[in-house]
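First the structure, then my questions, so here it is.
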Amino acid sequence: MTTTHTEPTPATDAAASAPQPLTMAGALNAALRDEMAADDRVVVYGEDVGPLGGVFRVTDGLQAAFGDERVWDSPLAESGIVGTAIGMALYGMRPVVEMQFDAFSYPAFEQIVSHVAKMRNRTKGRVELPIVIRIPCAGAIGGVEHHSDSSEAYWASTPGLTVVMPSSPADAYSMLREAIRSDDPVVFMEPKSRYWSKAPLTLPVQTAPMDRAQVVREGTDVTLIGYGPTVRTALDAASAAEAEDLSIEVIDLRSLSPFDDETVSASVRKTSRAAVIHEAAQFGGYGAEVAARITERNFFHLAAPVLRITGYDIPYPSPKLEEHYLPTPDRVLAAIAGWEWDLA
Amino acid sequence: MTTTHTEPTPATDAAASAPQPLTMAGALNAALRDEMAADDRVVVYGEDVGPLGGVFRVTDGLQAAFGDERVWDSPLAESGIVGTAIGMALYGMRPVVEMQFDAFSYPAFEQIVSHVAKMRNRTKGRVELPIVIRIPCAGAIGGVEHHSDSSEAYWASTPGLTVVMPSSPADAYSMLREAIRSDDPVVFMEPKSRYWSKAPLTLPVQTAPMDRAQVVREGTDVTLIGYGPTVRTALDAASAAEAEDLSIEVIDLRSLSPFDDETVSASVRKTSRAAVIHEAAQFGGYGAEVAARITERNFFHLAAPVLRITGYDIPYPSPKLEEHYLPTPDRVLAAIAGWEWDLA
Amino acid sequence: MSLNVEHHATRTLPSEKPLRLLDNAGHAVDGSETGGFSLPPVERLLELYRRMVVARRFDVQVTALTKQGRLATYPSAYGQEACEIGVISAITADDWFFPTYRDSIALLTRGIAPGEILTSFRGDWHNGYDQHRYRTTAQATPLATQALHAVGLAHAARLRRDPIVALTFLGDGATSEGDAHEAFNFAAVWQTPTVFLVQNNQFAISTPVARQTHAATLADKAVGYGMPGYHVDGNDVAAMYAVAHAAVERARSGGGPTLIEGLTYRIESHTNSDDPTRYRKAREVEHWKRRDPIERLEKYLVSEGALSDATRAEIADAAESLARETREVMTREAVIDPLELFDHVYSRPRAALLEQRAALEAELAGAAR
Amino acid sequence: MSLNVEHHATRTLPSEKPLRLLDNAGHAVDGSETGGFSLPPVERLLELYRRMVVARRFDVQVTALTKQGRLATYPSAYGQEACEIGVISAITADDWFFPTYRDSIALLTRGIAPGEILTSFRGDWHNGYDQHRYRTTAQATPLATQALHAVGLAHAARLRRDPIVALTFLGDGATSEGDAHEAFNFAAVWQTPTVFLVQNNQFAISTPVARQTHAATLADKAVGYGMPGYHVDGNDVAAMYAVAHAAVERARSGGGPTLIEGLTYRIESHTNSDDPTRYRKAREVEHWKRRDPIERLEKYLVSEGALSDATRAEIADAAESLARETREVMTREAVIDPLELFDHVYSRPRAALLEQRAALEAELAGAAR
């Protein structure tokens, strides 16, 4: 088998020199395009990723650009998609597969948990699976049932998986390229409600390594932790808090597994208070791990318990009710106001 | 459709009057038998539950006793088993289905998460699914790969499910009967390593309601929380600690979802220190929720961070290495000794 | 199961050419093409015609309302009326139906009110009708999952000796899912009274059926389960009804499951948010529009002198009045209490949920102040 | 895929009677029973005989060691040698093999050392051999999952224009899983060079095959995917080899996947922890023992004068020496470093795992002190 690994000559290089406004969907598309151009082992398949370009258009134009041996529509079966990706990776390919929505990754659960996550360890590192499983995730898009699940806790609690979630177009581009280059399987979660958010970008852009959290706004009184869609919520809360003379530091987690203890603990030791925001239900949600490990590692630096501002412990609601479910900046500020501040 | 719901005349009533030593597997078997006798809507099916009596013999003799229209071997497909149970429940049956091991419930993940958990809410309570999904769980039985997973965090973090795990024969009997009588779906987890543990019992026995945690040993210095297989670990640690004048209160959680905040918080407020033990990996494991909610609700009563004594963040190891992976009483005591006791 | 009499596996290949009773010009066909089925009586066909016309009017109305933003989404069945109405009309009110998102018009035929059908698509709540009352489950989104529910219910009914049938619809794409296989297999092994309709509308969103299967027909799948399979012209409502009716009666009398493939075409986009120009040619759509299932039956009824102007007008009136009702109900905003979010997750209240409910209640009260 | 030439769906029903080349008395059969396949050359058959004898000796040895407690578990393939050896012998070292827990003897035939095969069953580590070196994946436990891996690998090879084949084994029970269906379907749609062997040993643990399928044969499933299916006497190694060889060569030359059912019987219990007296009669086992695949071929070879006493002795020696090697390797405890637990989960070290590793290291040091 011959494989060509050309060193990165991104297709976007020439085209984009001055910053161009780019959506997250566009940035992801560019990342796929550039990585496919750089490495012919990268293939893209899944449901409707070919001529349609995916239901969110993240794979738009890729089949036209790279042909149907690099990008194709598979039969409609998620276990089949992930299961065949394992075989393709075993043969030296680097498959990037798409699950259409969080809830439609569940048929692939066994392949992901029992094989994708365990293969490297099973074989003492002799078999690597450089697979990227892209999952458009979370809600706030007015989707009917099954279209707004937040599945991150399932993946993040599974040893052997790397789980990342960008919150901006720049990170989307940089982290997806890094995920494809990773020799480990990556669950790459794309917050649907941010797909059409824009930022001016010159490609290729390289942001921080995908396993590091980032302080996206500095502050002194509270560490507010978000990821994916809730980074925006956290930033909005921080802006609003400014008016009340409350200085909030916002951390974008970026990597759910591994967890960047270093960055988070440093911030918490500075502010002595932390809160985490996510859309998923609270009970057993990812925020539980965030709260537990911050507390374990910084207990004597904490002035108050770590707060979780999350969805309720109910199934994701129907479109007309999601506004009541989703954590808002107001809800964040109310929760923070509820701390026993005088005890600090 | 006619259904007969005879009031409980347990098949075991007459037979057992003086306490008899009974294994957990035997107690579960008796619970199934008694509930099937009491309610002809209860049916039992799954892989090898008929003539073989299940690979752990929990359904031993049931097909002979109730016939093959009440107990039968299904085709080998877990999604099919759970999916058809949904249809049977819809028609007024109360199916009790068996997944052969935790890891083999994963093919049923979509049916459990997208339907079993959500049906009641989806239909505003018009459709109830009184299904019990029995899962022999966790490790410490020298099982080869895929036979020792701890899947509880997946289920417990899914809104709509009730998740319980007995640690003793008496609870196994009482809780399984209650689970079958519940109008909500219950994921009933059975710790494999405890199947052959014995206790003297007179059936029928009724223990505390299955949604309540139990203080199984009183103490004053530390609250040690276990469930299923780790209750034994916790009790052993508590006995050993006695020698060192450390008084450990042990809580058997019993119900993973819902969580009995009342019982746990009361104990923690008394001891001011808490630790939780489980076999599953630590990161994103169920212990994260335990630690997070104890801390949220009792922060100013805590003298130290809630400890998690758990498996490592790795796939469950092969039989010869599991002793190094599993939390032991020694490891519990070492962790407790590591607290900054002088700060208390 | 002791209920199992000796059943022998059916081992017949479905005909590669879809069987039909009426050709596209509305003429009755004969002999080899019919697969041995005969034309239903004309009164039955007239009733099917009425249902199809009303169903189409509803479908067109809802698509229009969706374009106006009154619904979150709507998957149209325009062009699939022969499959939808022909097959749903083969079961009785005592039988059960397990539909998908695509099958709103079959629900309508089942007597469910437009407002209740559309509760989910307009985003009010996940499901809007009483599943027990209509013996019709929520329109399933996770593909092929509902087929297993149909098999389980049918099995329960069989154990109870209740002579009812469970009917379920699947798309061509959904047949690729593992759950479709498990449903076919459980039904065949347990010999449950289940009828599977695969509506082969030739696309799963953008993916053509040629990328879903290498088999000559989707009905061929039946062979691997030892059950009868039929490959039927899905735009011929007479054939769809006749084949489904026979399958339903065989199931009811203990003869086990049947797989029916209706070969049809999705005229509209997948849902309102789809752009079909990306993956198919207008010419192809035009070709299928010329094979319209309603027109085909209409030609036959007219040629038989069975469709008077009065009847035609009466049906049009009924269709219009349903469209009006649909518009009206979709104009009135439903009253939804956000606090109900917490009320149906479990049968008994949970402390943590009551806390969260109280928090939202306080928040709403604060906002109202 | 542009690789797709016009493939036409195979639409032939496999013969209901399993095809065979040798009858139970070791006589070559003729005409209708052979399905058009011919007996492999006698040297080939002699080699298959040698492999089967050696494999059986290994299997018996490992079962004995398991009873002595040297292994955590061992699923024996006693009685299934014609399927295992006949089919594995049809691929080359360049091809890939995706086995299950049942297929240790096929691995042996593939050149993997007993100690490496048994690493997992003795509980040392999940997998003991180099998958790339032997082009053989770990023996899969989650049923049918490996079939998809075989399809994926075959597809990758096809895209690379590498003329290799991916062979995978499944049990009769495993065919009920959704993954089996998805694997068959992906393979057929993508026309991958994959050969599926279903070893119908008539039981899935305790569940008889009649509770897995209502079809006349498991090979009938092939029809639903438009691929060729063969129903073969799984105790006739000549037939198994001939059919598999043809399927492998068709796959290699771009002809797509094949499904082969070998009808055989599991003579031993499911694993050492199983109690087969609960679900099957000794009489049935005796019946199948009289249909032993090795004896059948032996009779043929003897009648052909192809099995000299010298050869027989030489084969027995080889078998004994392998058994000895197996005993020896299973007597030596493998050295396993508990700290390796942390070393292979990810390609790059993770801080949290290093912390946990250090903790265990300290614990072990403390215990050693």
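The first chain written gets the first letter, and so on, giving A, B, C and D; residue counts start at 1 in each chain.
Criterion: a contact is a pair of C-beta atoms (placed from the backbone, for glycine too) under 8 Å apart; a residue touches a chain by one contact, two chains touch by 3 or more.
Predicted, not measured: the structure shown is a model, and the values here were computed from it.
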Most remote chain, CA-based centroid, reference being chain A: D
Between B-C and B-D, the pair with more C-beta contacts: B-C
Chain C and chain D: spacing of chain centres that average the CA atoms, whole Å: 43
Chain centre separation in whole Å, for chain D relative to chain B (CA means): 36
Rounded Å distance between chain B and chain C, as computed from the means of their C-alpha atoms: 40
Chain A and chain B: spacing of chain centres that average the CA atoms, whole Å: 32
Set of chain D residues in contact with two or more other chains: 125-126, 142, 176-179, 182, 185, 189, 211-213, 345, 350, 352
Residue numbers of chain B (touch at least two other chains): 74-75, 77, 79-80, 103, 106-107, 110, 114, 118, 121-122, 145-146, 159-160, 259, 283, 313-315
Chain B to chain A touching residues, read off their complex: 79, 103, 106-107, 109-110, 113-114, 117-118, 121-122, 145-146, 153-154, 156-160, 257, 259, 281, 283-289, 291-293, 295-296, 299-300, 302, 304-308, 313-315, 340, 343
Interfacial residue positions of chain A with respect to chain C in the complex: 47-48, 50-53, 55, 73-77, 79-80, 103-104, 106-107, 142-147, 283, 312-315, 317-321, 324-325, 331, 334
Chain D residues touching chain C - in the complex, by the definition given at the top: 7, 9, 11, 13, 16, 176-182, 185, 188-189, 191, 211-216, 220-227, 256
Footprint of chain B on chain D - complex, ascending: 72-73, 120-126, 141-143, 173-174, 176-179, 204-207, 211-213, 273, 275, 278-279, 336, 338, 341-342, 345, 350, 352-353, 356, 360, 363-364
Sites on chain D touched by chain A in the complex: 1-3, 125-127, 130-132, 137-138, 142, 145, 147-157, 159-160, 162, 166, 178-179, 182-183, 185-186, 189, 340, 343-348, 350-352
